[in-house]
Each structure stands twice: as C-alpha cells, then as structure tokens.
Amino acid sequence: MNVEILIAGVCTLGVWSYLYKMNPVFRVFESIFIATAMGTSFAFALNYVITNAWYPLSKGNMIGLIPLLLGAMCFFTFVKKYRYLYRIPIAFCVGIGTALGMRGAIQVNLFDQIRATITPIIVSDPLNTFNNIIILFGFISVLTYFIFTIRQRTTSKTIMTLSNLGRYFMMAGFGCEVGQGFLTRMAYFNGRLQLLERTDAIYLIPIAIAIVIADFTLVRQRRGKASQDRA
Amino acid sequence: MPFATGRVFMFALLSLFSFFILMSLQLAKKTRVNVRPIPALDSLHECVGRAVELGRPVHWTTGYGSAMHGGGGLLSPALISGLAIFTHIARLCAQMGAELYATFCVAELMPPAMQAVREIYSVEGKEELFKSQNFIYFSPSQFAYATGVISFMETQQVATNILCGQLQDECILLAETGATIGAVQVGGGGQYAYLMITCQYLLIGEEFYTAAAYLSQDQAQLGSIRGQDFGKITVIFLFLGLSILLMLGIDLTGVFKI
Amino acid sequence: MSFIKRDLPVVISFILGIIVITQYFWIDPTLTITSTTIQGWAVVIWAFMMSIGVINIFIRETRSIISKKAGQWYYSIIIVVFLSCMILTGIIGTTNNPIYLYLFNNFNIPINQAVASLLAFFTISAAFRAFKARSLEVLVLLFSACVVLLGNVPIGSTISWTIPWTRDWILNVPNLAYSRGINAGAALGILGLGIRTLLGYQRSAYGMGAEE
Amino acid sequence: MTEKSIFSKLDNIDRRILWLIFIAFCSIPVFYPLGLPITVTKPTLDLVNAIKALPDGSKIFFEDDYTPLGHQEVTPECIAIVRLLISKKMYIVFASFYTPEAALWPPYIFNVALSKEVEAANYKYGVNYAFLGFIPGGDTSVSAFCLKIRQVANVDYYGTPLDQLPIMNNFEKIQDFNFCVTSGSTGLAGMLSQMQAPYKMPMVILCMGNDYSNMVRYYQAGAIKGLTSGLRGAAEIEMALNTPGEGMSSMDIVQGGFLLLVTFIIIGNISYFVAKYRSKPLQEGNKR
C-alpha cells in the first residue's frame, strides 16, 4: 500500500466533499492548498531575487542595486507618511506591462489577423467562396458591433443590422469555446477518477460515502426534531 | 537598416491608430462625443444598490491574470481595466454605504487597488468605512486562489459579484458559485461563454477595455473611444480594399512582410 | 511634492513604455539590453510584491487567530503553520529541501489536480441550469456548443459523418470570423487604454483614485 | 396550476443529483470498459509507425515537460508509448528542461503505472533506462545539452553521478541518440528550434489538446514524424497497437462525459420549454 497514493486519494475526496456542501474538511484542504501554493511561489520568488539580484550585487555589479531599491520601495505601502513612494515600483509594472500588452496586441491580435484574413474571396471551389464570404461578413459585423461613437439607432440601419449579425457570430464562437475546453476538463476529472477507482485509494471511497450518509441522516433528524419542537 | 524586418507596416499601423486616438483626445475637448450605452456598465449603480438593500457585501476580483504577464511582475491592460472598473465601484460603495471586498491573485495589483480605494473614501469623506482587511490576497496559484474565493463567497454570501479582469479556467468555478448563492454578477474579460450563461451583465472584448473611459465621463477620454472607432473603420476598409485588389490580381500583401 | 506624488509615476511609466515599444521595431543593441534589463527588474519587483502578499496573509490569519474569529481561526492556524513551514524550508534548502518537496508533491499537486477536476462538475451543472435557449442568440450558442462537443470525440463520427464535418466548419468559418473580429477590436481597445494610461489620463493603475 | 409538474421539478433540480449521476455514469467504464469506437487519425498512425520502424534496441531520448495539470492528459500517452518502447527493448533516457515538476512523471510511469511490464521485460534502472530529472535553463540548456550532455547534467534524478550509470556511457552528445520523443506543452517550441531544427533529430510529439492546432503545421511541413494529443491520442495509440490500456478506458470515460453533457443540455432545454409553455397561460391570466 502506497502512502503517497492514499494521501492523494484523501486530498481528492476532501476537495470533492465541497460538491456535497461547504464543510470543514474542504476548508482544511483549502487552507493547506493556499498555504502550500503561496509558500511555493514565495520560495521561488525569493530564490529568483537571490540569484538574479543579490549575487550580481555581491560580485560588485552596482546596477543590481536598482531593482532591490525599487523592490524595497514597495514596503512604503505600510508607512503612512511616505505612502506615495510605492507608486514608483508600480509605475515600472504599469509601464512595461502596458507597453508589452500594446505591442503584443498589435502584432498578434491585429496585424496577424488582418494578414490571415486577406484572401482572394472568389475562388474556383464554390464552398470555399461561400466560406470566404461568411468570414468576411463575420469579421466586419463583429467589428461593427464594437463601434461605439456613431449613434446606431438614428443614423444607419445597415450598421444596426451588421452589429446584430455580429452578436450571432460571437455566440457561435462562444459555443466553440465550451466545446473545445471541455476535453481538458474531462481529462482532469478522468485523472482523479482513475486515481480513486484504480489504485488503493478505492478503499477510501466507502469511508467517504459512509460519512456523507451519516451527515445526511443526522441533518435530517435534527431538522425533523426542530420541526416537531416548533409544532 | 536598423528597422526590424516584417515590422515596418505594423509600425505604420500602430502610428496611424495612435495618431487617431491622440487627435480625438485633443479634439474631444471642443466637440461632444456620444457613446452608445453599454448596459453592463450602466448597471453597476443598480448592482451596488441591491447589495445595500440586502445588507450583504460587494465583491470584486480579477481572476488569475494572463499566462504571459500574470507571474512576471507586470500589470497587463486587462488588469488595469479591471482596476478602473473597481475604483468606480469603490466610489459607488462609498457613496451608498455598501461593504466592499476585493480578492487578488496578482500580488502587484493589491497595493494600487488598496491605495486608490483609500483615496476615494477620503475624498468622499467616508474614511472610517475603509477597511484594509477587506483586501484579501490568496496566492498566485490559479486554483488555490479559486478555492479561496469560493469559500470566501460562500461564507460572506456576497450580493454583487464583479468578475472583471483576466479570468482563465477558474472562471466557471467563481461564476457558478456566485450564481448558486444568488449574487448579481457582472463579467468581463475571460471565458465569455461561461460568463455569458452565468452573469446577468457581460462586457465583451473591446467594451471591457473602454470601460474606464466610459465610466469616467471625461470628454477627453470619451474622445479616445472615437479614435478607436476610426481605427476599426480603417481596419475594415484596409481589409476590404486589399482583398478586392487581390481578387483583381494586384497582390499588395507583400507590405506585411516589409 | 505634488509632482513626486502625482506625476513622477506617470513620467516613469511613459519613458519605460516608449523604450519597450521602440525596442520591438528598432534594432539597436543598447536599446535591446536596456529593455531586457528593465524587464528583469520587473520580475524582482514582482518578488517583493509577493512578499507584501505574504505579509497580507500573515497579518490576516494571525489577527483571526488572536481574536479567535468564529469559524475561521482553526483554519488560520493551518495556513500559518504550513506557510511558515514551506517558506522556511524553501529558503534553507533552496527548493530542494526534502520537507519542502514532500509537502509540494504530496499536498499541493494532488489538491491542485482535484480542484481542477471540479471544473468538469461545474461545467455540467452550469450547462444544465443555465444553457436554456431563452433567445435565438443563445440557441445559436447551444447548437454550436453541442456540435463541437460531439465532434470532438470519436463517437460523433459514429453517429453521423455530418457531425465532425459541421464541427470543422463551425471552427474554421464562423469561429474564425468571431475570433479575428473580437481580437482586432480588443487590440484597438488595448491601444486606447495603453495610451490613456501612459499619458496619465487614467490613473487608477498607479493607485490614484480621485481625479483632480 | 399548484402542483409541480415533473418538468418544472427538473428545471430546478438540485445540482448534487446531477453530479451524482455524472460520477456514477463515468465510473462504469472504469470497471466495465465499454469499448466505444475510436478512429485512428493519420498523425497518430505515423507516430506509431515511425517508432515501430526503428530497430530493436535503439536509443531513445524522451523529453517530458508538463505541469501537474497536464499530467492527467499527457501521461496516458507517455505510458502507451513507453509500453511500446519496452516491448522493443529500447534504451530510454528521460529529461525535462522547462517545468520543474516534470521530473516526477518518469518515475511514476516506470514504478507505478508500468511496474508489471518493467518487471516482465527485466528492465533495470541505470542499464536500460535513466532519469536525468529537471535541467534548469530552458532553451539555452537544451542547446548546451545537445552539444555536450555532461555540460549541463552531471547527476541523475536520484543524485547519482552519471558516470556510475552504465547506460550513460553510450551518450556524449545528442547525435548518439537514434530518436527523440517530446511530450508536454511548455517546451515544444524550444525543443523544435533547439534540438530538431539544428540536428535534424527524428522527433515525434505527444502534446496537450490545446497545443494540437499549433503543432499540426510542423507535422504538415514534415519537421516531426508524428503527432498526437491528449487522452484521445493515448486511446488512438493503444488502438493502433492493439494493446488496450489506460488510454482507451479513459477515452470511454471522456466520451461518456461528453454524451452526458449534451444529454443534460437537451433535457434542460426540454424541461425549460415545457415548464415555460405550461406556465404561460397562468402568467397572462395574472396580467389581466
């Protein structure tokens, strides 16, 4: 009997107990999870600082001092008088994050999309021609949906129709999102189900079922008593 | 030539669109801009009002962040936009006296959110209502954060749940829990399909990124939305024009490779 | 003073933003080195922000232990114990410490997988409860969801060859149009948001809530 | 209409009942495999044939890079492939470059999932297979590894120096291997650019479901010999090799889940419409 597999089984059943209702067992595993996840990331972050900022500094590379100072400025959030100083490291996060976001959006979301959408619309295969026309209309109508400043009701009926059509394209896209994502979700579920039913962890299942049934009957009895008392 | 190959036309597009946006930022100070109503943003007042009526808290969260930027010390545009919606909610909460909670997965979002709300509360003269313990950080791990938020929402029985930011797979966990405890939900920026079916109000795509400008009701910022519209119209015509030219046998798609 | 408080952050982020964007288009060794260096600094800042998060957790949980907050303080003890244990062992053993690895492999990983498996349950119940064809729009959503679902598993092709064909068509035609349209729109939205943030029209990201 | 009809009851059903049905329905294939039909796609068939075509006793480099979440999706594929490799008496060396947790999976495959096959084939650690564990550094360490293995890896997963492992005496650089199997998601692009492209290593990829559309163009361009993704890929490999195992029963579970989800959507809609149709006259009556 493998202890680690049993622990994994207990963890799985503990988390799944949330499906029955919110209960202390789930809260315990949730607390362990938050603590271990936080600890892992924090240890990783600290080691990153030590290797990438502290070692260069101790070797005499003075430029390594800047990120450490900037990082230390974050702690001014706790000092009332100099609280505004934490904005400087934040400005780093905002500036770089926005710039990376902007250039990424232009490249991936706009430039590559336009480049891929431009095709000769009418081709020899009628089905492909039809598909190209649909893609063209879909692209334009979805973009029209996002036009905000031209007042749609009064000025133009075409824009109104196009933007309504755009919503239907969006709905079809949302449907694909559901269909495509579920495969991964089932894979997660399948992994846990296999763990519970294929390995030694299967002995835990009757215990779990017994606890749930006991709780269920106890709650029922208590409710019955309470209603009798009221009566 | 020090210009990166394959990026010249992209740079031209970027400059053109930036020019549109900057121009309309300037021009909007002179002429009024009418923006079509975005129901999800107009509903925020009513959502906070409902929380006050029920005497239960308002909750805001951004989700896990993006895979690329979430863990790298950077605030991506989606998170910044979520934060702008959050400051608007905070103002409404201060005015109407609702209890406001915020949960975080992205650590670098917490200090600005907390200080912005502190400022808003002091401007509204409700400094005594500001509680720093209402800003809860769980962990940078996606599902640890999700479990934390689930049990938080269940114990606090939040009345209004605002999921604006960058929600990934944890989206369905948060939104479905919110729906089962009967919260009014506003969703934006994430897996739209699940937000669509679980939330009462939904911000799709660009609606979400323009939320900050829309909520500010500042003429200059509203003007920048008009600049974005010019950009979209340009994209449509560029696309139509190049496609038609390609059909006529004139291949201009080479500009993308310069 | 007001400059340092209000405008200096905006100026800094504007300069950094320009550097990062220019580096993408203009090939210059010094610019590239500057850009990668400041991006490395951002990771160090992130690590410090993470420590603020840890402090937040410690303050919250110790407060709840001290005040014996009802229904919470025993969980707080678990969090504090496990978190201190992970951090101490993680620092001493530089993430190769056996205790750290044991906690990580036997608690974090299985619980993570178990929580991820909840996604399937929640999708099932949300689908039953909320996937109702209230309007024609939602009907379109439902149809495409069902077809793509069935087309994704081999059983779809056993039922009828049309199902995988329709799935491919939906994915390659309407879905493509949708994703291109929504992405192009979002790109312009991000551009506008970026310009407003870097120019300081919109300052909530710097932690300034009140407009002046 | 005061009494609740079955449909309006269905409309407001307790979600725990749905979940119970879901678990019960998906548990059936675990004990009684249904053998729902699976078609083998061409990339998967090519992958299996590429490995089958190798002579017995070839040297395989097996790279794995997936997180604990990917474990549930990719490990069945790896198990199916490793089973084939063991049956052909191949020498296998495992390493991972991009995800620290990935070092856990090879020991799991050999010591837990395939322990019977390993024993039957008389496979010994250090002689027939070795785990190098996690080698930090991403792309740079992959390219250094290809040039000279001992430059970046000196000890194995258990901390034993490589010189004490007999199998490792055969290997100095990446060209000493005959074939490469890459699995996971994070490292795919790096492995293709650092190992496949410069050294023209014959390579197959076992990826996660959402990487498939990105990787399929490398397959079409001929850079990789074969490609398969997710649980479906595991089932296809087992189908192609005619060795039913974890993959096929997993695919039964997954297909069951999909069918159940679609059925729930349909039942939910029927009950919604019936409930709406029945309550309509009442609402209109109220309005008047």
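The letters A, B, C and D name the chains in turn, as written, and every chain counts its residues from 1.
Heads up, the rule we're going with is that a residue touches a chain if its C-beta (ideal position, glycine included) is under 8 Å from a C-beta of that chain, and two chains touch if they have at least 3 such contacts.
Computed from a prediction, not measured in an experiment: that's the story for all the values here.
Asks: What pair of chains has the most C-beta pairs in contact?
Replies: Top-ranked chain pair by contacting C-beta pairs: A-C.
Asks: For chain A versus chain D, what separation do you get between their C-alpha means, in angstrom?
Replies: Going by mean C-alpha positions, chain A sits 22 Å from chain D.
Asks: For chain B and chain D, let me know how many angstrom lie between their CA-based centres, rounded off.
Replies: 35
Asks: With centres defined as the mean C-alpha position, give me the chain B-chain C separation in Å.
Replies: Computed value for the inter-centroid distance: 13 Å.
Asks: Go ahead and note the Å separation of the Cα centroids belonging to chain A and chain C.
Replies: 5
Asks: Got the chain B residues that touch at least 2 other chains?
Replies: Residues 10, 14, 73-75, 77, 80, 108, 111-112, 114-115, 138-141, 143-144, 147, 155, 169, 193-194, 196, 204-206, 210, 225, 228, 232, 235 of chain B each touch two or more of the other chains.
Asks: Considering chain A alone, which of its residues make contact with at least two other chains?
Replies: As it turns out, chain A has residues touching two or more other chains at 15, 18-19, 27, 30, 33-34, 36-38, 40-41, 74, 77, 86-87, 90, 92-94, 96-98, 100-103, 105-106, 110, 114, 117, 136, 139-140, 143, 146, 170, 174-175, 178, 180, 182-183, 186, 188-189, 191-193.
Asks: Identify all positions of chain D at which a residue touches two or more other chains, and write them in rising order.
Replies: Answer for chain D, listing residues that touch two or more other chains: 15, 19, 69, 71-72, 232, 254, 257-258, 261.
Asks: Quick one: do these chains touch in a line, a ring, a star, all-to-all (complete), or other?
Replies: other
Asks: Please give all chain pairs that are in touch with each other.
Replies: A-B, A-C, A-D, B-C, C-D
Asks: Which residues, counting only chain D, touch chain C once they are in their complex?
Replies: Going through chain D, the ones touching chain C are 13, 15, 18-19, 22, 36-39, 68-69, 71-72, 100-101, 104, 232, 251, 254-255, 257-262, 264-269, 272-273.
Asks: Name, in rising order, each residue of chain C that touches chain A in their complex.
Replies: 4-5, 8-10, 12-21, 24, 37-55, 57, 75-76, 78-83, 85-87, 89-91, 94-95, 100, 103-108, 110-121, 123, 127, 136-138, 140-149, 151-153, 167, 169-191, 193-194, 197-198, 205-208
Asks: Along chain A, where are the residues that touch chain C in the complex?
Replies: 4, 7-8, 11-12, 14-16, 18-19, 27-49, 52-53, 63, 66-68, 70-72, 74-75, 77-78, 84, 86-103, 105-106, 108-110, 113-114, 116-117, 131, 134-143, 145-146, 166-176, 178-180, 182-183, 185-186, 188-189, 191-193
Asks: Which stretch or stretches of chain D touch chain A in the complex?
Replies: It comes out as residues 16, 19, 23, 26-27, 30-31, 69, 71-73, 112, 208-210, 230-232, 246, 249-250, 253-254, 257-258, 261.
Asks: Using the touch definition from the top, list the residues of chain C that touch chain D in their complex.
Replies: 95, 105, 109, 112-113, 116, 120-121, 123-125, 127-129, 131-133, 142, 145-146, 149-150, 152-155, 157-158
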